[in-house]
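Two complexes come next, and they have one chain in common, chain A, joined by chain B in the first and chain C in the second.
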Partner chain A sequence: MKYFMIAIVCVLCFLLPFFVGAYLIHVLTSIMIFLSLALSWDMMLRTGQLSFGIAGFFGLGAYASIIAVDDFSIDPLWSILVAAGFAALIALALGWIVLRLREIYFAITTLALSSVFMIFARNLSDLTGGSAGKVLYESIFKGDSIKIYWLVLSVALTVILVSELFQRTRIRFAINAIRDDEIAAKCSGVNIFKYLLFVFVLTSAIQGAVGALYAQQYAFVEPESTFSANFLLLPMSMALVGGIYSSLGPIIGAVVLGLASEYLKLIMPYGHLIIYGLILVLTIMFLPRGIYGTVVNRIAAKR
Partner chain B sequence: MKRNFVGYVVLAIALFLIALLRPYAFFYGVQRGSLYGLVALPLALILGIVGLLNLAHGEFLTLSLYMTYLLFTKWGMDPLVSPAVTVPLLLAFGFVVYKLVIERSLKTHHLNLLLLTFGVSIVMVESLNIWWTSRPRNIYVPYASTSVNIFGVYVGGYEFLYTIAVVLVLTGLLLFLKKTRLGQATYAVGQNPKGAAIVGINVKFVYAFVFSLAAGLVALAGALLSVRSSIFPQAGGPFTMKSFSLTAMAGLGNLPGIVLAGIVLGIAEEFVKSIPGYTGWADLVFFVVLIAAIVFRAFGRREG
Partner chain C sequence: MKRLFVVLMALVVALGFASTIKIGAVLPLSDITGRQAANAMKLAVKEINEAGGVLGMPVELFIVDDEMKPEKGAAAIDRLATVEKVDFFVGGMSSGVHLAQIPILKKYQKITVWIGAASYRCEEAIGPDADWYFHLHPWDYLQGESYAHGWRAITQKYPQVKIEKIFIAYEEGAFGTSSFKSYQDEFELAKKGTGVWAGLMKDLKGAPFKSAALGGGDYRAVLMQAKQYNPDLFIWAGYDADAIPILIQAKEIGFAPKLFVGAPPGWPADFGKNPLSHGVILYGMWAPALKDVSPIARHFWDAYVKEFNEEPATYFAPLGYTNIMFLIEGIKKAGSLDKDAIIKALREIEYDSPVGGVLKISPSRIIKNQGFRAQKILQWQNGVQHVIWPFEYQTAELIYPFPGWTGK
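Let's turn to the complex of A and B:
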């Protein structure tokens, strides 16, 4: 019954463009982009490692995909895979070093990533177009917003599926054990390093792919806007508001904050980041489990 | 110990060579590096003792830059006098941030603290952005652009104030930690908060004190920096990561090491800047240093 409901919701999501207007489709596309980022961030957080690298890998994927299309004339659709692979490769090299020390070292190294990648984007101007960026002749599917919606939806559903697989298979026990107590996990025979590296590479690949999607949708990359802190702060706030350590939490958060941010754009043309910063601080202080976690706890308490 | 000694000798020779081959890079590097050390010391103090990485550290610096700017333009206060006002103000600000935001989350998962201070840094940058816009501002004082002649090399004389300040602050901190009762209590809390509480140290007070003290010290760096740097909302941001990379290089609790690491980073950056065509890559140096420090720690530990 439950699976039947999920299947119906998925089909409805795919059929949605036939019933609603172009504006809503645009909003939903952007929500699902951020949803995938939020979920990938949460998947890493479940292992007890805080990554600030979302914006970095997002931008990396965006650049990889635009360069793949422009300089190597790869099909835009395939370029998304190229971007994911490139992000995974960089994450593998980086994670192999940094994940040995973890925690603060990991957090700060990933926090530096977007500025580091930005320096590369600025200085390798033959490849990346320098600080002017790079523009493609046309966006993916010739800018057909319904096809883009379907593509983004499929990616978002895949990310949700991966996240659910993490929650339902053996990996979950390993991940939870590492988060709760590394030494105990090690003693129980969990190869901490291998698991962390696997999750880091996978989530970075997702972030790279999402960055590629976004870049293909707008057909340009530019250092400042591609590596914008928006792509870090908004997904993090979404996951925290919705509720971390679950699949449903970040989804709820993405929908709530995604709709709210559309409204915010109308009443406050610039400086949204302060709102997300405040949301971040207030959520951690007063609602550490997020909406989903709090509701689940209430229900559990009543039983 | 012996390995350390060899390391220092190699370092000294390398620095000497740079001083000989690229004297400008050397002197600029020492100046820049002293500034890094000056900013990194408070961060290392909080990290070493409260065990809290304050990701809003650089934004405290930005705030003090703006305060100095405001005092200069509104009341004509000289930036070198303004610490008398900005240090107490930032002490108070640090205390308020600590009490309002950080203290209540100390007992939760430490990742929350990282996220919290990250949120605080965003809120600070964006508030400055809204109030003062992103337009860069400058303070002009004539004495900031004097130059001195060292063995035929003309370099800015003002920046040597960073070097003097970092030596003074380092000595002051070391004396405070070793010689005063409060300093020893601070050490004790850093080693074992529970044990310190059992022997009657007011752990909460020490935490609040260290956090405020660090903010106050940042104000000192901010006042010195204000006349030589553009003042804009993101001015201080990069200092957070640079300070952390210095702490990673020196090791936790090694305060003199941080100053040395700062100077090494400063010289390395200026060296890269002095190579024609590679100026843009100078900001990458700290990341290379950070990764190198992590590699050294991660793989060196296994041998030991």
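Let's turn to the complex of A and C:
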């Protein structure tokens, strides 16, 4: 019954463009982009490692995709896979080094990645267009918003599936053990470095693919916009508001914050960002486990 | 009877749709530039409606905040087109946001009159076929060319002024780097005796700094390099947060070039009240002092102050007003809402703008419909921004050389 309901929801999501207008489609597409980033951040967080590298790998994927299309005439769809692969390769090389660090040292190092990638993007002018960035004359599917929605939805569903696989296979035991107590996990035979590297590479590949989607949707990359902290802070906020260490939490957070942001703008053209910020602060203060975590806790307490 | 009812209903619906002219604006409302541009647009719409509207119809303005985020700016276009069902798009500020809006604008192909986005990448993204797209803000390369024209004119009017050695201190981000690169490109041309700086710029040097807006704020190293170079013209290309610290540190190391130019996109509020600002030159599209020499600028200034009880502080205010007025003049001239007729009319009209200058459409490198092509050379004098060039709008004589730091 549960799987039947999930299948119905998925089908409804695919059929949605036939019932709503271009604006809502656009908003939902953006929500799914940030949802995928939020989930990927949460997947890494489940290992106990706080990564701030989302915006960096997002931007890396975006650049890889635009360069693949513009300079190597690769099909835009394939360029998304190229971007994911490129982000994964870079993550593999960097992960070898940075995953030997822990806690705040790991977090700060990953935070610096975004700046380092941006400096490369700005200075490799022949390849990246330098500080002015690079544009494509046409966006993917010739800008057809419904096809773009379906593509982003497919990627978001794949990310949700991967996140659920993390929760339902033995990977979950390994990463939970690493998060709870690394020494105990090591004594139990868990290859910590291997698992951390696997999760880091996988989540970076997701971030790269999502960056590529974004770049192909809008047909441009530009250092400041593409490596913007917005692609780090918003997904983190979504995961925190929805609830961390789960698949449903970041999904709820992304939908709630994504829709709230647009709704507030509709009813309050000026000052909506203040209310939005207030909602964020209050949610994190009064629901520290996030919406999903709080609901789960309340249900468990009643039982 | 039934048929008559259907016909009447259709007529009512048709009249209903045609009863207002809907304009959709996208601006960053949390930023002073966007907020004042929005105010100025509302003022223009109010004046138009008080004068009886256009083509007998009132004008309705819908403003959506782009939050300075590309995806939000792009979604705003979809919202205006499909929810508010606007007839025209106006607005604009950031190039990064506009790049994301361009694919969406291309989807709807409604007449768009844009006042922001100076990056030439936006022009590339729009391409040569977008007849419906009008860009009023000068592209970055046009701005660079206009500075050369301005300095050349100044050296002719004031023979004591020399512009041979130029030093550019630029913030290391996109804005500063591209500014310096455009000067480098022009310098290469000037060396060959071509380009707009030919015969004017004999030597160029530059050095980057980290802007205070991005966590930096120490300019001593770059100022020392400039001091040793001893330029005729010193330009810093950074952000408003750099404006005062760079002056303080220049004073600290005793660096007072003959021409001290700041080229940030916006200046800090009350910068003019700082005594160090006296004699600093800036580039801009507009200055409050224009109201003393231009009747339309005076009208705009008075109406804005009366309506909003604040003074326009950024050129996006008169530019926002121009944005609406120019479009409405085009509709008036076209005499209908026919797209081709309005495009033709917009290409033909000449609009005397409160920005200072007559707005007339001409092609730029790629697009067919470019509006303004030049910035102005301004100077802070006793707390007031004065126009130095173009001379037809000059509000004060140039103070030369830069008065330095004595007594400040």
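Note that in this section the second predicted complex is superposed on the first by the 279 of 303 C-alpha atoms of A that agree within 3 Å, B and C clash if a C-alpha of one lies under 4 Å from a C-alpha of the other, contacts with A are read in each partner's own complex, and residues count from 1 in each chain.
What we mean here is this: contacts are C-beta pairs under 8 Å (C-beta built on N, C-alpha and C of every residue); 3 or more make two chains touch, one makes a residue touch a chain.
Here the structure is a predicted model, which is why all the values come from computation and not from measurement.
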Chain B versus chain C as contact partner of A:T109, first or second or both or neither: first
Chain B versus chain C as contact partner of A:T158, first or second or both or neither: neither
Contacts of A:G129 with chain B and chain C, given as first, second, both or neither: second
First, second, both or neither for A:E224, with chain B first and chain C second: second
Which superposed partner A:T169 touches (first chain B, second chain C, both, neither): neither
First (chain B), second (chain C), both or neither touched by A:I284: first
Touching partner for A:N297 - first (chain B), second (chain C), both, neither: neither
Which superposed partner A:N191 touches (first chain B, second chain C, both, neither): neither
Which superposed partner A:S145 touches (first chain B, second chain C, both, neither): second
Chain C-contacting residues of chain A that also contact chain B: 122, 273
Touch list for chain B against partner chain A, complex: 47, 53, 55, 101, 104-105, 108, 110-112, 114-116, 118-123, 125-127, 129-130, 238, 241, 244-245, 248, 280-281, 283-284, 286-287, 290-291, 294-295, 297-299
Parts of chain A lying in touch with chain C, wherever the complex brings them together: 21-23, 25-27, 30, 33, 122, 129-139, 143, 145, 214, 217-220, 222-225, 228, 230, 262, 265, 269-270, 272-273
Chain C to chain A touching residues, read off their complex: 29-30, 35, 63-65, 67, 69-72, 74-75, 78-79, 81-83, 95-97, 99-100, 102-104, 106-107, 119-121, 124-125, 127, 173-175, 177-178, 181
In the complex with chain B, residue positions of chain A that touch it: 45, 48, 50, 52, 97-98, 100-101, 103-105, 107-109, 111-112, 115-116, 119, 122-123, 229, 233, 236, 240, 271, 273-274, 276-278, 280-281, 284-285, 288
